[in-house]
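Next come two complexes, and both contain chain A; in the first it sits with chain B, in the second with chain C.
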Partner chain A sequence: MATVDINNVTKHFDDVRAIDGVTLSVQEGEFLVLLGPSGCGKTTLMRTIAGLEHPTSGEILIDGRNVTGLPPRARDVAMVFQSYALYPHKTVFNNIVFPLKAQGIPKEEWDTRVREAAQVLGLEKLLDRRPRQLSGGERQRVALARAMVRDPKVMLLDEPLSNLDAKLRASARDELQTFQRRLGTTTIFVTHDQVEAMGMGDRIAVMSGGKLRQLGTPHEVYTESADTFVATFLGSPGMNLIPRNGYLLGFRPENFLPREAMPSQSQIETFRFDVKRVEYLGADRLIYGIVDHAPDDVISIARLPSAVTFPIEVHENHEFAVAHEHLRYFDADTGLRISPQPL
Partner chain B sequence: MSDSTIGTIPGQEKPRRLLSLADSERFLGSAFLLPAVIYIIALVGVPFVAAIGFSVSDVTVGSTAFDFRGFQNFEAILKTPQFLRALSNSILFAVVTQVFVIIGANLIAQVLAMDFRGKWIARFFIMMPWATPVALGAIAWLWLLDSKFSPFDWVLQRMHLLGPHTLFGPRLHMVFLGREQLAMASIIVVNVWRLTPLASVILMAGLTSISHDILDQANVDGSGFWRTLFEIKLPLIMPIMSIALLFGMIFTLSDMAIVYVLTRGGPVYYTQVLPVWAYMKGIEGGALGEGAAVAIFLFPVLLAVVIFVLRASRRMEVT
Partner chain C sequence: MNNQEIISRKGEGLAANQRFRETINAILRQVALYTTVGLMCLFAFFPFLVLMINTFREDQDLYRPQNFPFFFNDPPTLFHITQLFKETNYVVFLRNSVFVGLVVVLITLAIAIPAAYSLARLTGKWGERAGIAIFMVYLVPPTLLFLPLFRMVVALHLNDTIWSLIVVYPTISIPFSTWLLMGFFKSIPKDLEEAAMVDGYSRAAAFLKVVMPLSLSGIIAVVVFTFTLTLHEFIYALTFISSSAQRTLSVGVPTELIRGDVFFWQGLSAATIIVAIPVGILYNLVLDRLISGFTMGAVKG
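Let's look at the complex of A and B:
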């Protein structure tokens, strides 16, 4: 168990700013999710924490100790790569025991520790197999076992679930989470899947373009998004943004409902909504259209749960509304959240 | 009309026939293999059979009349002391050369696989000995190892290792090629010089093909340089290393240029190897039958090497 402090770290590859001034503290035993679109620098940040890349500037502290210049083996950090990176010529047992050997743990402990890790992850029967004789899910568990066997200070997991099919992924997600809670190891988990991020993280760090956009609990980043990037990146679909009086007015599709469906007592803002298209998604209905006075290319979306059976037709101009408490305001230039503005 | 399947238009029969010929894997397979088969038969099969034929006959350069003599040629060869010496030299040179080649090539490959400025130039120069025609290289070495004018002698003299009251004795010259042990060592050195480049490049290709993730993982797992080398890198390139080994063995076993140019098997016959001896007997001496018989002895040796190495590499194969 340990804390990780990332202080103003940048990493440039020639002129690519893969990480651009990230400051982030991970608490003891926390499960932190790094979320962001492809190419935003998540892997680079993980590799920098592990010591595989040296930051261009800034420093990294693990458990309060500055490890910026230290090689990976001096950091006591375990990492699971996106590709699992199992040693193809070693059996499962030898894969898992490798970090113990490399760290100079006494030989007598090897067997018990490997078997313990294998048992936690249900790998006892597979110890003599080679990686190529394993399924994707089993490989992932071997990679996890190899990461946990040495009881590292920090575990870095780089999209470990992305190679699994949807069903396996859900169960692996569960397993991983229970497992992390049990061990209490400080964990940083990378994903670009927001459902995964919302469901698993104690806190979520949202990144984009090498910068940290917001750090908070899943609920915080979703409801109190710090800027337009986070607001539109989270949610499916993301937040609607409408330019108005020099700022951006935001509201989430699920809060954007036909006037008739709104509870009558709440304070609401109404919009004339020009419906362009209706999409049925089973549990939900998505209504695409243009809000009155908004530019033609700003499409807004309403997500009506199937419980709202109110008929909406294409080309209809209907009155929609958002409760005041669900309105968000952003600066038109910087995209940052601002205090409520006159409507 | 059984073969007029759906969609066949009568006017299109002909192109269809062609198409189906080009689609038939059996036809294509044989057609593409044919040149290779002809090549192997003409350049490997025929000489091999001819050599076996010669080895049981009394054919000489002067008289091509074929008289069957059974195993008399083999018996005659086995009786000479040269035979055992040539056979054991062949094997000794091949094995000792490969020991040094594999060690050297591993070192060089480690360096070449690194990312540094001018690595292309370095790779180019490393390949030079391999790209040089072997006879030319051997002649250059002949001069370097000359009994009177060897630059190595000169360097050793300057370092006070050669000459009166020094390590290598009162003589002023090493006479590399004129003394049994030194001549054998010289031949091994030249073989190593010649074969290390190819092995280095093969191993380098193997090393650079190891996924970066694996090496990064080893790094994060806490593995240092030597552990990564012996537990990760070497096992992963073992199959490719055994191919390099196989090539090297066969090149040394079947090469005659180096020994022929440097020592002609001398002093006496102490550095004789099978191919040179076969050449001297069969072509220079004119006894084609005996020459062929000597050459045939190479075959089981080569075969054993090939089988051993290929089996080993199969067992070590990983992914």
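Let's look at the complex of A and C:
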């Protein structure tokens, strides 16, 4: 268990700013999720923490010790690569035991520790196989076993679930989380899947364009998004933003309901909503349309749970509403959250 | 018997007929295949066969034109083999060749592996260009180089010793091997080494424990290529060395077993076949690795 402090780290590749001044503290035993779109610098940040990249500036502290100049082997960090990076010429057993050999752990312990890790991840039957004889899910578990077997200070997981099908993914997510809770190892988990991030993280760090946009609990980043990027990146679909009186007014699709479906006593803001398209998604209905007085290219979306059976037709101009407590305000230029403005 | 039945019987007959034809075709295909393979094998093996037979033939058997050439018309004899070992420097040539071969292989590996690895991994886009430039060196023919290299060998006081060959052969083997190994190292994902480094190894250890085992085919290809090169190289071996005791097989055998216009055919045959058979067996043992070694280098280089 350890803390990780990232102090104003930048990493440039020629003229690409892969990481652009990130400051971030990970607490002891925390499960931190690094969330961001493809190419935003998540992998680069992980590699910098692991010591595979040297930051252009800034420093990295693990457990309070400055490790910026240290090679990976001196950092006691384990990493699961996006590609898993299993050693193809070694059996599963030898893959898992490989880090133990490097740590100078006595030979007598190898077998017990490998079997322990294998058992936790359900790999006992596969120990003699080679990586190419494993399915994607099994490979991922081997990679995890290899990372945890040595009980590192910090575990870095770079989109370890991205190669799994939806079902396996859900169960792997579960396993991984229980597992991390049990070990209590400080873990940084990279993903570009917000559902994964929301479900797993103690806290979520949202990145974009090499910058850290917001750090907070899943609830915080979702309901109190710090800027328009976070607001629109999270949620499916993301937050509606409507330009108004020089600022941006935001509200989430699930809070944007037909007037008739709103509880009558709450304070609401009403909008005339020009319905363009209706999409049925089973559990939900998505209504696409244009809010009155909004520019034509600003499509807003309402997400009605199937409990709201109220019929809505295409081309209808219907009255929709949002409760005041669900309205968010953003600066039109910087995109940053601002205090409530006159409506 | 109604019509239906007649038709279905007829159908069965046709089906049986067809099956019979298919079986015959399959057999014919097998026969054609194995005949071709057999002929190819015979073709490839023929020189060895002739050499093996000639080694044990008496002079008068060999030289009489009306004798069937691929057969012992007189009883076989060990005379020429004994002569080869007792009256020529053959054993010395053999020893020299093996020694030169092994030392050159070691030098080549020691230099080409680190060179290829650094070109493949550490120098960015210039690595590729440097690799191509190095490969170009390999394309310069020895016929152009033996005179200047001879001057250098003399300057090093190595002329007329096998050490001259040990110094010069790596100039051919290293460029080619570096280029070949570069392809190998590039085809191994960087992630693997990095995983090893995160797992607690230094870059050197990661290289030894992960990259080397995965490049085994390439390394075997380099060993085979280099050793073969030293075995059959002729120009340098001929020009740098004049004393018989320092010669290697490629020059020693023809100079000692061809005197003027007298060819000691049986001795020549024996000298060749004694080297060819162990080398052939050795290569066969690593054949799969060897093929993947050369083809992989070719595609990814």
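Basically, the second predicted complex is superposed on the first by the 343 of 343 C-alpha atoms of A that agree within 3 Å, B and C clash if a C-alpha of one lies under 4 Å from a C-alpha of the other, contacts with A are read in each partner's own complex, and residues count from 1 in each chain.
Please note the rule applied: a residue touches a chain if its C-beta (ideal position, glycine included) is under 8 Å from a C-beta of that chain, and two chains touch if they have at least 3 such contacts.
Being a predicted model, the structure only gives us computed values, none of them experimental.
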Clash or fit, chain B versus chain C on superposed chain A: clash
Which superposed partner A:Phe179 touches (first chain B, second chain C, both, neither): neither
First (chain B), second (chain C), both or neither touched by A:Trp110: neither
Partner chain(s) touched by A:Arg132 [first = chain B, second = chain C, both, neither]: first
Which superposed partner A:Tyr329 touches (first chain B, second chain C, both, neither): neither
Superposed model, chain B segment overlapping chain C, candidates 1-9, 19-27, 163-171 or 181-189: 181-189
Intersection of chain A interface sets (partners chain B, chain C): 47, 50-52, 71-73, 77-79, 81, 83, 85, 87-89, 98-99, 102-103, 146, 150
Complex contact set, residues of chain C against chain A: 189, 191-192, 194-203, 205, 209-210, 213-214
Contacting residues of chain A [partner chain B, same complex]: 47, 50-52, 71-73, 77-79, 81, 83, 85, 87-89, 98-99, 101-103, 130, 132, 146, 150
Residues of chain A touching chain C in the complex: 47, 50-52, 71-73, 77-79, 81, 83, 85-89, 98-99, 102-103, 146, 150
Chain B residues touching chain A - in the complex, by the definition given at the top: 211, 213-214, 216-224, 227, 231-232, 235-236, 318-319
